[in-house]
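Before we start, here is the structure in question, set down as structure tokens.
Labels run A, B and C following the written order; every chain starts at residue 1.
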Amino acid sequence: MTVSSPGNGVEVSRGLRLDEIVAALGGVLEGDGSVLVSQVASLLSAGEGRIAFLASSKYRQQLKTTRATAVIVPPQFSAETSLPRIVHPNAYAYYARVVALLNPLRQRRPGIHHGAVVKSELRPSVSVGENAVIGERVHMGENVTLYPGCVIGDDVVIGDDCVLYPNVVVYDGCVIGRRAIIHAGAVLGGDGFGFAKDGERWVKIPQIGRVVIGDDVEVGVNTSIDRGALDDTVIGNGVKLDNQIQIGHNVSIGEHAAMAGCVGIAGSTRIGRRCTVGGAGMIIGHLELADDVHISAGSMVTKSLPRAGQYTSIFPLEGHQEWLHNAAQIKRLARLAERVAELEKKLEQRENTT
Amino acid sequence: MTVSSPGNGVEVSRGLRLDEIVAALGGVLEGDGSVLVSQVASLLSAGEGRIAFLASSKYRQQLKTTRATAVIVPPQFSAETSLPRIVHPNAYAYYARVVALLNPLRQRRPGIHHGAVVKSELRPSVSVGENAVIGERVHMGENVTLYPGCVIGDDVVIGDDCVLYPNVVVYDGCVIGRRAIIHAGAVLGGDGFGFAKDGERWVKIPQIGRVVIGDDVEVGVNTSIDRGALDDTVIGNGVKLDNQIQIGHNVSIGEHAAMAGCVGIAGSTRIGRRCTVGGAGMIIGHLELADDVHISAGSMVTKSLPRAGQYTSIFPLEGHQEWLHNAAQIKRLARLAERVAELEKKLEQRENTT
Amino acid sequence: MTVSSPGNGVEVSRGLRLDEIVAALGGVLEGDGSVLVSQVASLLSAGEGRIAFLASSKYRQQLKTTRATAVIVPPQFSAETSLPRIVHPNAYAYYARVVALLNPLRQRRPGIHHGAVVKSELRPSVSVGENAVIGERVHMGENVTLYPGCVIGDDVVIGDDCVLYPNVVVYDGCVIGRRAIIHAGAVLGGDGFGFAKDGERWVKIPQIGRVVIGDDVEVGVNTSIDRGALDDTVIGNGVKLDNQIQIGHNVSIGEHAAMAGCVGIAGSTRIGRRCTVGGAGMIIGHLELADDVHISAGSMVTKSLPRAGQYTSIFPLEGHQEWLHNAAQIKRLARLAERVAELEKKLEQRENTT
């Protein structure tokens, strides 16, 4: 059986048997382990040869009607299906691993490709894409993959098994840990935005810190992480950054934090472990966010947040006419509060006099 | 007469006669069709050899005083000028076509230029810029132009007459329709932001869908469109995206929608036909926007919008001191509403007792 | 003494004597001018061989306890330390210049490097990085440095001493003044977002203006500046733009303005001299901002601002539950104001009747 995966054209020759998956990833097999699955799908859209998953009771009804060949379920829902199944307490994370198993990343051939310019000594397992440029004294681990057009400055360190997609730029002296995935157009180590005023002019403060990125970090398309002014900008292990994000100089992001697209973090702010920031969330400079702080999409953080929890600062969306009416009152809100206080006082006075 | 166009250095040898323009683009000629125009201008700034346009009655007064050589006007204003003119009901769209006629895009020579690496068979009409890289099994239509530094993955499809400006990246398997214009640094097909939690770690969910872009789409500078998780991210025919935009995985954008700079659309959201989003508008994931929904600049959309119309969510701008006073009351707004309700109750009680 | 600077690996062989610094940068030397400093640091973190600075009275206490070898102080604090010191009224700007002195930028060798494609005649002092591409009729001043992967269109002008970091793109016809620093992935001169509606379709209006940038401008990573529609987009002398910024067509930015990351300025807006915009500030199109207007981070400007001052439009951040309560009232705010007015009226009537 030859199945073409929907997206990237990689062929999975025949799929995998359910028992092969369990052998590779663990979990408990229930039902016929010899069925073949060649691709994942949602419970709703799955058909012949697909494996689906149930992660929350919300989709329980779909479990009864799915046309999937097999499913991944947590123990509490296992009895609700007679399909061949893999039982695992974290069905969603298991599903993620099955996707990876069924859709192996296409590997680029090791070696230095046409038109690349390499000024450092690299291991034979490294793949340097066409027209990439690598500076002097660069240290790269095993199995690093650089796609075409990447530009790596001097004195850069890149750990084992990193993948840098096309046209990534890493400025001089930056450090990337193991297994990083850096998407196309991302730029690590550009100058932080540091100037001193001198009359009406700005005097540039050279930015001499680095960007230091831990292990298992993903950086999205066209995201930028600035080098530190004096000390380093530090991205902890396991941090995931989406596209179009801006991280200012000397920011520190704790392990396993995650930030959605278009987020901005201004200089010297420290973000705790496991924090999340929704899309277009913005955090001003020199703040400190505790571990497990979660910022809602579109929110603007203007003060330190010493306690875990979710924080929000969105003006509610309305039809434009209603918005006009309500927004007009914002500018009189302090006065409105005063007027209410005056009414309360008046009424109280009258209570007392009658 | 040799006139240099203001911007891009292309020479229009002598300009065009008004009757030549009408022959090319239609419309009704009134007055002397032999006058030469070599460039467009606004009614206010136009001089000798320029053609201007009037699209709305707002600028009617300028029609009387303009020093343009010719004008484009809708029928209802034609009698208000004695200048040689082209009469057309949509004077603005006509003007757009005249700009194109008088300022032809400089064509790059067909062929594969110096330092480009091409692993697929391309038609002779295709132009591949210097140091561009094109993967395997790429299908390109006629007259496709790739500027220098573009990187096109494997199994990509690009339709006739597309133009990709420098350093555009297209990941494996993506599909671009005909006549697309993709500006410098845009990235199509980067991984969507998909992770499953496993303890405090994030497990990457491989993104195996594609980006599929229709005909006549424009994508701005440094904009990113993520590939789908399982299914595709779909951009409809005629969609126009400005710079620095982020489109998440599995988003679907209806035909002829337009989005200004810095917009973000989170994953799986479906945008209707002809929708517009103003600059920095943000739409969270898994929503549905009906056809003809218009989002004001800077607004945050946090719920589905099943009805056409304009929607807004901006905190009104004020001088910082006034803002401080009014914003302070926001945090007491629910309490203020309660206090007003208490006052109403008290007053009503007293009405009843007196 | 050999000291490695913290970030970029440049070696400063022995540091500089305090009197050497004063000879180079001015200021008044007090104390032992023969002490050697090899790097800057903050008062708090400084140790042997470091020079720190005091700019505001806020850190005065640290002046007494710092372990720095020397300090830079304004005259009013000079008596508060016995350390060797440089006295200068603008200690912070002086510090910026000391950082530059101690951390000279690594110079790239002049000449055209491997794989670059150059179609114009350049001076011998120009350095063109690996795999960069330079179009026809490009004029470059002395000592211009282009890092690898830059793509410069035809008819571009770049002034003396400019530095363009990797993968910068400059479209045809744009003009950059002297001493500009353009960071990686920035794109100058992409098409402005201009379309005319024709039924439900958008007709592209070719963008034939240019981008014209003054002297001493810095442009951040992945920032985009669009070319003008007819006239030019103009960036004044000394303007500093951070990363991920979007400047629309025909915007004009006055001298010495500064904008933090993720800012967006829509088309045809005119920004005065010395204006600043905080991170993610957004300004809609066709507005006019006076000189010395300052926009707070995250604020949305929807009207012209004819007077200097600071302006803000942020919804205050709260814990999500409190936000829910207060935000819900926004949609009833106009009604709340009416209810207060009714209460006032009622109470006044009763005052008059009793």
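The rule we apply is simple: a residue touches a chain if its C-beta (ideal position, glycine included) is under 8 Å from a C-beta of that chain, and two chains touch if they have at least 3 such contacts.
To keep track of the chains, here are their UniProt names: A, B, C = UDP-3-O-acylglucosamine N-acyltransferase.
Model, not experiment: these values are computed from the prediction.
S.K.: Kindly list which chains stay connected to each other once subunit A is removed from the assembly in thought.
M.R.: one piece
S.K.: Examine where the copies subunit B and subunit C touch and state whether the two sides share over half of their residue numbers (same) or under half (different).
M.R.: Counting shared over all numbers used gives less than one half: different.
S.K.: What is the distance, in whole Å, between the centres of subunit B and subunit C, each centre taken as the mean of its C-alpha atoms?
M.R.: Measuring from centre to centre gives 26 Å for this pair.
S.K.: What positions in subunit C touch 2 or more of the other chains?
M.R.: Expected reply: 115, 131, 149, 167, 185, 222, 244, 262, 280, 314-316, 318, 328, 330, 332-333, 336, 340, 343, 347.
S.K.: Show me the residue ranges of subunit C that touch subunit B in the complex, using the header's touch definition.
M.R.: Checking each residue of subunit C against subunit B gives 115, 117, 131, 133, 137, 149, 151, 154-155, 167, 169, 171-173, 185, 187, 190-191, 193-198, 200-210, 222, 224, 226-228, 230-232, 244, 246, 248, 262, 264, 266, 280, 282, 284, 296, 299-303, 309-316, 318, 322, 325-326, 328-330, 332-333, 336, 339-340, 343, 346-347.
S.K.: What part of subunit C is in contact with subunit A in the complex they form?
M.R.: 5-9, 40-42, 45, 90, 92-93, 95-97, 99-100, 103, 105-106, 113-115, 129-131, 147-149, 165-167, 181, 183-185, 216, 218, 220-222, 238, 240, 242-244, 255-256, 258, 260-262, 273-274, 278-280, 297-298, 314-320, 323-324, 327-328, 330-334, 336-337, 340, 343-344, 347
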